[in-house]
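For clarity, chains are labelled A, B, C, D and E in written order, and residue numbers in each chain start from 1.
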Amino acid sequence: MTWAPAFLSNPERFMAFSRWAAPMFGVIAALLGLAGLWFGFTAPDDYQQGATVRIMFIHVPASWLAMFAYACLAGASFLALVFRHALADAAAQAAAPLGAGFTFLALVTGSLWGRPMWGTWWVWDARLTSVLVLFLFYLAYMALRASLDDEVKGARAGAILALVGAVNLPIVVWSVEWWNSLHQGSSLFAKGGPAMPPVYLTPLFLMGLAYTAAFGSLWLVRIRGEVWRRRAEAAMARAARS
Amino acid sequence: MSRFSALLARETALAWGRGGGPTVSVGFYAGVATLLPLAIGPEAQRLAAIALGAAWVALALASLLSLDRLFERDYEDGALDLLALSPLPLELTAAAKCLGQWIATGAPLALAAPIAAIGLGAPVSLAPLVFITALAGGLAFAFVGGIGAALSLGARRGGLLTAVIVLPLLVPPVIFGGGALDASASGLPWTPGFLLLCAYAVAALALGPIAMAAACRNALS
Amino acid sequence: MSRFSALLARETALAWGRGGGPTVSVGFYAGVATLLPLAIGPEAQRLAAIALGAAWVALALASLLSLDRLFERDYEDGALDLLALSPLPLELTAAAKCLGQWIATGAPLALAAPIAAIGLGAPVSLAPLVFITALAGGLAFAFVGGIGAALSLGARRGGLLTAVIVLPLLVPPVIFGGGALDASASGLPWTPGFLLLCAYAVAALALGPIAMAAACRNALS
Amino acid sequence: MIESLELSGLGASRGGRRLFSNLSLTLKMGEACALTGANGSGKTTLLRAVAGLVEVDEGTVGFVGMDPSEARASGLHLIGHQDGFKPGRTAREELDFWSLWSGGGERELQAAIKVLDLKLLLDLEVRRLSAGQRRRVALARLLAVPRALWLLDEPLSPLDARWRAQMGEIMARHLAGGGMILAAVHDPLPVAAVTFEIPAPGDTSSEVAL
Amino acid sequence: MIESLELSGLGASRGGRRLFSNLSLTLKMGEACALTGANGSGKTTLLRAVAGLVEVDEGTVGFVGMDPSEARASGLHLIGHQDGFKPGRTAREELDFWSLWSGGGERELQAAIKVLDLKLLLDLEVRRLSAGQRRRVALARLLAVPRALWLLDEPLSPLDARWRAQMGEIMARHLAGGGMILAAVHDPLPVAAVTFEIPAPGDTSSEVAL
């Protein structure tokens, strides 16, 4: 893994790589997503949950990506803080709104699912609350960056916050095990293999990959945008001075 | 070490004057204990059910609202410059500030919390647990709140930002402490929640100063 | 009049940045609404019983804790001198400060209060009453809190003093407003409590500025 | 319009200690007075007494041509050690507010910004300004709202040589227009001015009547 | 003990604007340097860069005879525009704390109080002090804790003539004992010093690499 930052740390190389990688991930995401949705909607109704089981294919991957994006945000922030790398900072900044979006999606779909399943939109249990906290961290990160108008300072303050917020990730993952929760535990990564029939497992798996590819594509696009914005600002500042 | 204790004494004195101190915390809880029954009606049952939780939330809110200027004054009047120029690492300086805040505000609030809870109808036997929970929780709140205060230094919307940053960090200790109190009130074992709270407080004590020092250095430069 | 409105705009902007504003109040109530269930357990019934009261007490606490530096910054950085040197009587200046505080903090909190109360399980039909009660109550809190803030100017234990002076003054509006909400929730007429609250707010509006101006003049001279 | 400032038999004390007593001074239109004296002799106190912010023990502060309360409300400017700016607001926000507060118009404000060369500083937060820049922003109030009497407390100390000279010109113009300046200083004013030294206090102590 | 201060090729920028670049300066034991320059030219920034509070874009700050981090922690004094005092605490409380904080002893503190004639001020709250008195309390730190390098930002402006002269003597004594002084000033220092002017910035701009 150490080669990846080393390889991508050169902005020129990154721009060249992402020029084709971003659209390619987009295409992969679209194909996998279509396949996942097809299998998902042709799967039989669950004997317990009925048709609402299909929310799973939206909800579960969104929850995964919510956490994965935060891991990316924290990782990029670490690189930005320790190695003072501008590209890593751009990557962190670009990841935050995407992660917030996935978290929001997980919250909304979970809540939509909770109505038929639990009879309520929302309960204050550890899993749900820790996801809400994750969402709050994304918001706090974006708010912090937006309110420090010195770019360098904002970048560092944001990175510190992102790393502090990383303590929440294990809480999200293990909350169902640490506290008895309405929310079900992990059935996919349970001991002794996934406890889920293949008709559901296949579309879930496909959707998971599709979400990941979509995240990758959007992330690259946003980093590229961020790089362009900073270059343009530097050029404008130069022009204003001369 | 004499530097650390001198700073601790100063910070405690400042926080005491700034709105901490026993009278204030007693006043604060007296407020909660008088206002809550007034606002939700005096039926003893209703009250007793929420006594512990209310005392606990009041503690978190008090920390949240009193912490937002932990570093700001020093930042604006130049004291933070001088604090940074010292053999004492900025991490310890930040820790001393949070500890001072805790001594001046958290500890008196922790002393007052059981009284308020009992006043609202919680069983007297719970008082010691409320006290130590509040003590540990207050420590966690102070160190976590300090992170928010340090990060929002120099930001245009300081107070707002502190609250937004600190809120997510406050949720875990509130869950742990509230869970322990709730469990104990219903006769379940309270140690797991309490131990988690202590673990969180220790983690905040260990990691908080690092984050605060980094944030302060960033704001100064 | 343009002076008054300019000052009002400035004070609103300052209070907004200092920890007011819609995001913060929503955050604050989100905090109350998240922390309270976490601390006292998520059973819907328990929560619903205290929803109104908790929202109302949270409002009082937020006012209490955010008001203590209403005048202090201006006093220390010399702005109060310049504010005193003006055709606008110091009474109106003080009123503008309190109003700004209310616009930036009280009004958003009042908007958020019904949402928090409903989130905790209060009946939706009570939302309008919660809103106007919080609005009137916030006004009373701001003007009463301002008196404490002005009186404690230049005192060595500012925060303490504010709490001790303001707390008793906060009790009547909390009783009136909480009583109105309680009455309405149990199907009784809520107008008497609400009218008393409004009367108290009007009295605070009329008399508060006089007390504040006198206290400020005293601190300056 | 204030026509002259007349202090007669003024005495003031702080913390139970008499700072000065029987102090008399007249300032006419077009005159500047440099108030000097050792640290702690009461220069700041005197300026604040003229502005009505400090109560005097004895004597009177008279504004010829204007009612005292009116003179204080809209006839004089006080620029103190502290400028009342909030570090987190931009210079523009602060300047706009204070000029509105003193009843100034947009045109004069723009002129003041031009004279004091503040254009490039306006968008910076006050905390970012250098000491001299910040003082210049504070002094802009003098020009943004024309008032007869300027009470200045060490106005020039953080300014560089160029701006001290500029302020000298600005002050001269103010005096030429019939204005008055009473400035507490430790260095000579860059404009013709009479010097008034606050004497070191004798041992006349203010007494607490019982 | 710091033996000399060597700035070489220093460049710093604030808010994306380069303030100075390629600035080199050497200060040896017993030397004083008066840092001059227009408002906003970067004097304060330079002092803070020497103290390690501001990051420089290029060049190095070298302390001969001491490790930089050690020099900053216990080899130099920085007296800035702002003194870090809390208005509500007494001068004594503040002075005690800051002298302890800098590692000073009780004897030196008493000597400093005597030299700067602070005895009568110590029980006053800082907000009650006059500008010059407050600065004297701030300057007492220099004497309460002996350190080789003094970084002073306009140290004398609020002082009266007598105290400026006194400070001149104090500085001379410090230099005679092998100390160094780097002081940002707009008026000449009351002690023999070389003058170093920060040039007006060229249009070299700092760039964010991407």
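The criterion applied here is as follows: a residue touches a chain if its C-beta (ideal position, glycine included) is under 8 Å from a C-beta of that chain, and two chains touch if they have at least 3 such contacts.
Just so we're clear, the structure is a prediction, and the values are computed from it rather than from any experiment.
The set of chains touching chain B and also touching chain D is given as C, E.
At the interface between chain D and chain E, two copies of one sequence, more than half of the residue numbers in use are shared by both copies.
Sorting all chain pairs by how many C-beta pairs they have in contact places B-C at the top. With each centre defined as the average position of its C-alpha atoms, the distance from chain C to chain E rounds to 45 Å.
Look at where the CA atoms of chain A average out and do the same for chain C: the two points lie 39 Å apart.
Chain centres here are Cα means. That of chain A falls 59 Å from that of chain D. Centre-to-centre separation of chain A and chain B, using mean CA positions: 32 Å.
Counting only residues that touch two or more partner chains, chain D has 81, 88.
In chain B, the residues that touch at least two other chains are 17, 154, 156-158, 160, 164, 167, 171, 175, 179, 221.
Across the assembly, chain A contributes 129, 143, 150 as residues in contact with two or more other chains. Residues 2-3, 6-7, 10, 13-14, 17, 73-74, 77-87, 220-221 of chain B are the ones touching chain E in the complex. Across the complex, chain E meets chain B through its residues 48, 51-55, 70, 72-74, 76, 78, 80-86, 88-89, 93, 97-98, 100-103.
The touching residues of chain E, counted against chain D in their complex, run 14-15, 37-40, 43-44, 81, 124, 128, 130-133, 136, 153-154, 157-164, 186-187. Of all residues in chain A, only 81, 126, 129-130, 133-134, 136-137, 139-140, 143-144, 147-150, 153, 156-157, 160-161, 163-165, 167-168, 171, 178-179 touch chain B in the complex they form. Residues 16-21, 23-24, 27-28, 30-32, 34-36, 38-41, 46, 49-50, 52-54, 56-58, 60-62, 64-66, 68, 156-160, 162-164, 167, 170-171, 174-175, 177-179, 181-182 of chain C touch chain B in their complex.
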